[in-house]
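Got some structures for you, see below.
Consider the two complexes below, in which subunit A is the common component and subunit B and subunit C are the respective partners.
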Partner chain A sequence: MSSASINSSAGSLADAPAHVEKRRGWLASVVHHALSRWGTRLSLAWIGLVAFCAVFAPFLANSFPLLVKIDGHWSSPAMTHLTAVDVTLVIAVFSSIVILNFKGLSRLAQAGIFLVILLATLTIAHFVIKPPLVRGYEEYRELKQEGRVQAMLPAPIPYSPSDHLKDQFDFTHPQPWAPSGSHLFGTEQNGEDVLSVMIYACRIAMSIGFISTGIAVFIGIIVGGFMGYFVGWVDLLGMRLVEVFGAIPTIYLLLAFCAAFERDIYMVMAIIGLTGWTSDARFVRAEFLRLRGQDFVHAAIAAGLPLRSVLFRHLLPNALAPILVSASFGVAAAILSESVLSFLGLGLPVDAASWGRLLNQSVGQGGGFHLWLAMYPGLAIFLTVFSYNVIGESLRDALDPRLNPQ
Partner chain B sequence: MLSYIVRRLLLMFPTLIGVTVIVFSVMAFAPGGIGAALRSAEGNMRAEDRKKVEAYLNKRYGLDKPKVVQYFRWLNQVSPIGFKKDEEGNAAGFGFKPPDLGESFLRRQPVIRVIAEALPPTLFLNLLSIPIVYGIAILSGIYAARYRGRTFDVTTGSLFLGLWSIPTMWSGVMMVGFLSSVDYLHWFPTGGMHDTLSAYMRFLPSFAADGFHRGWLLDSIWHLLLPVTCLSIGSFAFLSKLMRSSVLENLQADFARTARAKGVSDQNVLLRHVLSNSIIPLITVAATILPGLLGGSVIVESIFSINGMGKLMIDAIYTRDQELVMSETLVVGIVSLFSLLLADILYALADPRVSYE
Partner chain C sequence: MTQKPLLQIRDLNIAFDTPRGQIRPVRDVSLDIFPGQIVALVGESGCGKSVTSLSILRLIPTPPGKVLSGKISLESRDLLALTEKEMRKVRGKDIAMIFQEPMTSLNPVYTIGDQIVEAIMLHQHVDTKRAYEIAEESLREVGIADAHRRLHEYPHQMSGGMRQRVMIAMALSCKPRLLIADEPTTALDVTIQAQILELLRKLQRETGMAILLITHDLGVVAENADVVAVMYASRVVEVATVEEIFDHPKHPYTQGLLRSVPKLGAPEGRLESISGAVPNPARFPTGCKFHPRCPLTRQAAVKVPADQTVEIKTVEEKFRVLKICTTMEPELREIEQRHWGACHLVENYERSKVSLPVLDHRREVTANVVDTEHEGSLVLDELEQGRKEQNS
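Right after this comes the complex of A and B.
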């Protein structure tokens, strides 16, 4: 991928003699090396599962049945209650699979086509898809009890995350309910099914992880790139900025931001991105410092290329692998930050489906302890953070020339 | 050495100013500006306090002035060196003065007094965890490096990466739930740093006519065991890995080979020659560990209800006590800056190869 790379395919030659004839770029060889570990593969499998749950959430957990026959008529309440975001996610996944199978296109063109499709779908879906505003989650349960339902295909988990089980309200047996046959992971304080909330929470985890890391990496590349390329007083100034942001403990900075700004998901993403860019900037700076003296950079400058081109077309592709390491740890940190904020009750709005919010409810005011509210969401946060850390770690090992003799 | 410390102190000033700029701009560029949060908390206040808030905001920040002027006005008040003012607000010379961090209207006392009460528990928790974290990391790092590739090395390698990824809040909640909750084991208290009666206890455990008294020391240990475990559980993984690679590197260095060649035993090579050189990178990374520990104590304090800086911060956000939030971020930033300074000085002391002249 990186045309100017000098030590291309060196890493893969040593350990994969079967692929000797296949030459890879530096980045590709690093990724290949990292993927050869089973720990990385397991981590990717878990992240894949989380991503699957995030995309297909309404088909996995829904109070509305997927298919139902009422008074002789078939209908799909789950489909009519899909939101624009639900539809966009599914279309995005299928279109990305199709695009990746077009071999003739370059990666950049593929990414461009994907972005265009994504934006177009989102815009169209936003205007076309108008799900009913009032959602009677108990409607089909009541219809079934009345005996008007002849046939029904419910979702695997027949509860939506904001379904408060109003029809099953019980004075003698207050919420939260312990796990049982109908609620595998139990319910939380408001009667929401924990498993269904956890499935929808995958969306928040994935989107916060990627978008806030994207923001952080973007700022990190700009600041770190300028520091590493220009050196001198730009570097001095930039390092002070990095130091300032690094000195205030991230969580205090996050809390201060949360105290000042209104709480919605986009704000939380922006805040986590704004507080997390320092390590990316350090990485990019170190890489640019190393590369700026090399011949291909001098050649690019001598050819009269504009600064934009030197920085982002010649230097950046060669610094991508370390950025990948830093971004991988960054995603873990961002997911953790979001769940800490939700745990403290200061992050997302209180009705958002988030793992941290469930964890928050596990220790009651009176000293009671709801194991299922601590166990499953905590395990989900842990596994996700652990997976990204394992991936980051193996990418770093793959980059390390000492561990990886050429 | 002295000149290095002085130079390092001078370098700290721009960073310190940067911290104040960030803290101020977070509040100043929030929707509604600097007074918005405080005014929105007026519902919780008494009538006479509300009038005071308006007068206070105008006097402290000069809200009709541009943001830059507001910043310098605020900076002058929070810094211990600045322009002094007399009762009428006229300038009365330049010099040392008590820093004025503002007024907490909801608590009806100066912010600086609130923070002075909350800082010791947090510092205490952190000072207690640092030796534990470093002790475990150094010991396990040496052991893993010495028996490289054996069971201990491999298990701790993956186990510590796992421990590192355990969210502090999860381990905290599980500990409180299983070990403190009345529903389960109830071995430990659910919160606080001391028993309510700890002031009347003797220092050491004792036996009296009415049975065993655990005493102040044992009571504190009993209360602090879970929070400190919870705080340190994630940190030693990273350090231990660093220690391991650093010991491995030094064991292969020329000076270690020379020592072995002149007949020093393996044990002494490790303990006398390699160990002291291997600890140096651990001191350098204190720069990333210390802010992390301070941050981790926010979660620990809120789970174990310890009245430290973290819990105060969260309470302040819930009650929209903006002056408290602002000052607290500033104070934590300064504390962390000073601990980084300390780490830098320790580094210079530990590594004679580094010359700062």
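Right after this comes the complex of A and C.
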């Protein structure tokens, strides 16, 4: 019910362009202010590019052609080799665009529908989509050489990330290969195309940042919110909990876990999230402490609203600002942590596409330094972390009332 | 007049635990509010009037605050015995409250409409569309022009007076039977004050709700209240009808308060004030809490033998007061018919009996308050005219 009202105001916002300038909500004006800087826009553009690569990776880099005509028959090997995750990602993006354009729905309903679609696609895709287990990456390259391909539309980068180029094995010229016309960013030691791996690695970069920060923010809001609202012994216990978790060095914990257990990206996300919530909790607590004495909170209680509504509808949105800032820094830190782990050769399964793993290979097994294996993934990590930091900075500035008089 | 009181407060005692020990901002407060009555609770800052009003809705933060004893009942329900869940149904629906600061009483991140609608949907169980209609209606009732558009505006787009109107609309949207107005006009400028009070009075007459008006503005009291309760340092010291309070104030504190109001046509000079300051709730004086500031006891002390008086030294002065005032706390007694006071030196105090201040009184509605909307705008027009003339 509450979100219904939020949406109807958003709806009317869109209906009355003449009043847009005047009617902009507080959060919207903060976002607007942050976006007025070109640095923020560039950063968002980069994050957008990374997100685009993450979602559409199989259409950007694939050993299987998007369309091919063999013996007079058209087919799309790229489509038949899509995995359940690939399909789910694409469907999720398109359905979210469609849902967001439905004006009649409340934000909560939109989120609910999106989640249902996401889960449904994931389950259905898991059972329905069965890509061939054995992938002959060189199949179409060989068919083409044999001249059986009449027409072909290859992906922009015609190499899958785990394509080891077995058909091009050359004893006199061992991998890794330096950048060249056919491999723009070169290849790594197993023969995988670096650009292709980097495109697929966007998935890990995006998901590790968002999921681990999401876990951290969620825990932080709950713990910090209760501490700030109830004060007294709840606050006392909560702060001790925050201190205990704050004392755990994340990177050592990760190293220990990675050494002890099977390498798993979800474990890395969970550990970063479960240890990183303390700063969010502090922010939320401080904000709630500030807000709980304000008249509109008293007014909300005096109107008979339940605790749930007072806490999460009236207090939380007013406390969201510093969390947004800390979350964007948290995303950057999580990406960096994963890169560090992968660089040390500990974080992810060895065949996972990750920027950190490419970095790891820049120093060859037989010695020697491969510049392209350090530069391109390093640049991607740098740009992504830098972008999140710039976004965090500009959000913080936009939220500072002394810099942004209303 | 055999109506039953809407709200009954009986011997309310409230304490706050502070690092420096317990303080008791409300002691033995009893008050009755009848349907359709405007009861004013008057007193200086820190006398306990706001704490009393907050305790009715159980909004006192616990801890550190707690109700030591007493009873607050809405008709026959004991509010202090309700569970938090039951209490939520009373808040907003039976008893609504408007606060002092309209600038901060609205949530800055939601539109006016969203905030009004939330309470309406909660208490009246209607769907969103109907709730918005009710909200628009109540905005119109409080005199907000272009209510439909205003519903979708944010608080920062409105002026203080407008926001207070919104607060009133929000409070009245669920048709409460009692409205607690905690200094509703303190933060507003004088012309807006008048408009808001006119509006409250008009809505009160239309809906028949009761109002507990908490204020330290005696002008507001004289214009609006039916019954006045004067609080000083955690206790109610005088209760009477508004006419009685202003014509025959009995308690020296009330008399002092009334003397300190500027009067039209009075000779120029310094405005009279009550000497001294409100005592710190952590260190209330013994006996009658007003005795260090009371002119009556000083005058009386001159006339009696020295063994019946006590000397008081402060930084500024040295004087004698009656011993009884420093040892015995006076109770609220019915010193005259329908007039309660708590002072040893008031006439008849010795002979009167302790009784509860129950006063079902309504002021006579005079003719000049009927056309309120027009009056307000006329005043504004005149002001506008005056300003223009000054400018030119």
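Heads up, the rule we're going with is that the second predicted complex is superposed on the first by the 368 of 406 C-alpha atoms of A that agree within 3 Å, B and C clash if a C-alpha of one lies under 4 Å from a C-alpha of the other, contacts with A are read in each partner's own complex, and residues count from 1 in each chain.
Heads up, the rule we're going with is that a residue touches a chain if its C-beta (ideal position, glycine included) is under 8 Å from a C-beta of that chain, and two chains touch if they have at least 3 such contacts.
Bear in mind that the values here come from a model prediction, so they are computed numbers and not experimental data.
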item: First (subunit B), second (subunit C), both or neither touched by A:Phe386; value: first
item: Which of subunit B and subunit C A:Ala332 touches, first, second, both or neither; value: first
item: Touching partner for A:Ala178 - first (subunit B), second (subunit C), both, neither; value: neither
item: Which superposed partner A:Gly246 touches (first subunit B, second subunit C, both, neither); value: first
item: Partner chain in contact with A:Cys258 - subunit B first, subunit C second, else both or neither; value: first
item: Greater residue coverage of subunit A in the superposed arrangement, subunit B or subunit C; value: B
item: Which superposed partner A:His314 touches (first subunit B, second subunit C, both, neither); value: second
item: Touching partner for A:Ala109 - first (subunit B), second (subunit C), both, neither; value: neither
item: First, second, both or neither for A:Ala302, with subunit B first and subunit C second; value: second
item: Residues of subunit A that touch subunit C when the two form their complex; value: 1-2, 4-6, 8-9, 12-13, 22-23, 25-27, 232, 294-296, 298-306, 309, 313-314, 317-318, 406
item: Complex interface listing, subunit B residues touching subunit A; value: 14-15, 18-19, 21-23, 26-27, 29-31, 37, 158, 161-162, 164-170, 173-174, 176-178, 180-184, 190, 287-288, 291-292, 294-296, 298-299, 302-303, 313-314, 316-318, 320, 322, 325-326, 328-329, 332-333, 336-337, 340
item: Subunit C residues within the subunit A interface of the complex; value: 57, 59, 63, 88-93, 96-97, 99-101, 104-111, 113-114, 117-119, 121-123, 128, 132, 152-154, 156-157, 167, 170-171
item: Contact footprint of subunit B on subunit A as seen in their complex; value: 39, 240-241, 243-253, 255-262, 332, 336, 339-340, 343-346, 356, 359, 362-363, 367-369, 371, 374-375, 378, 381-382, 385-386, 389-390, 393
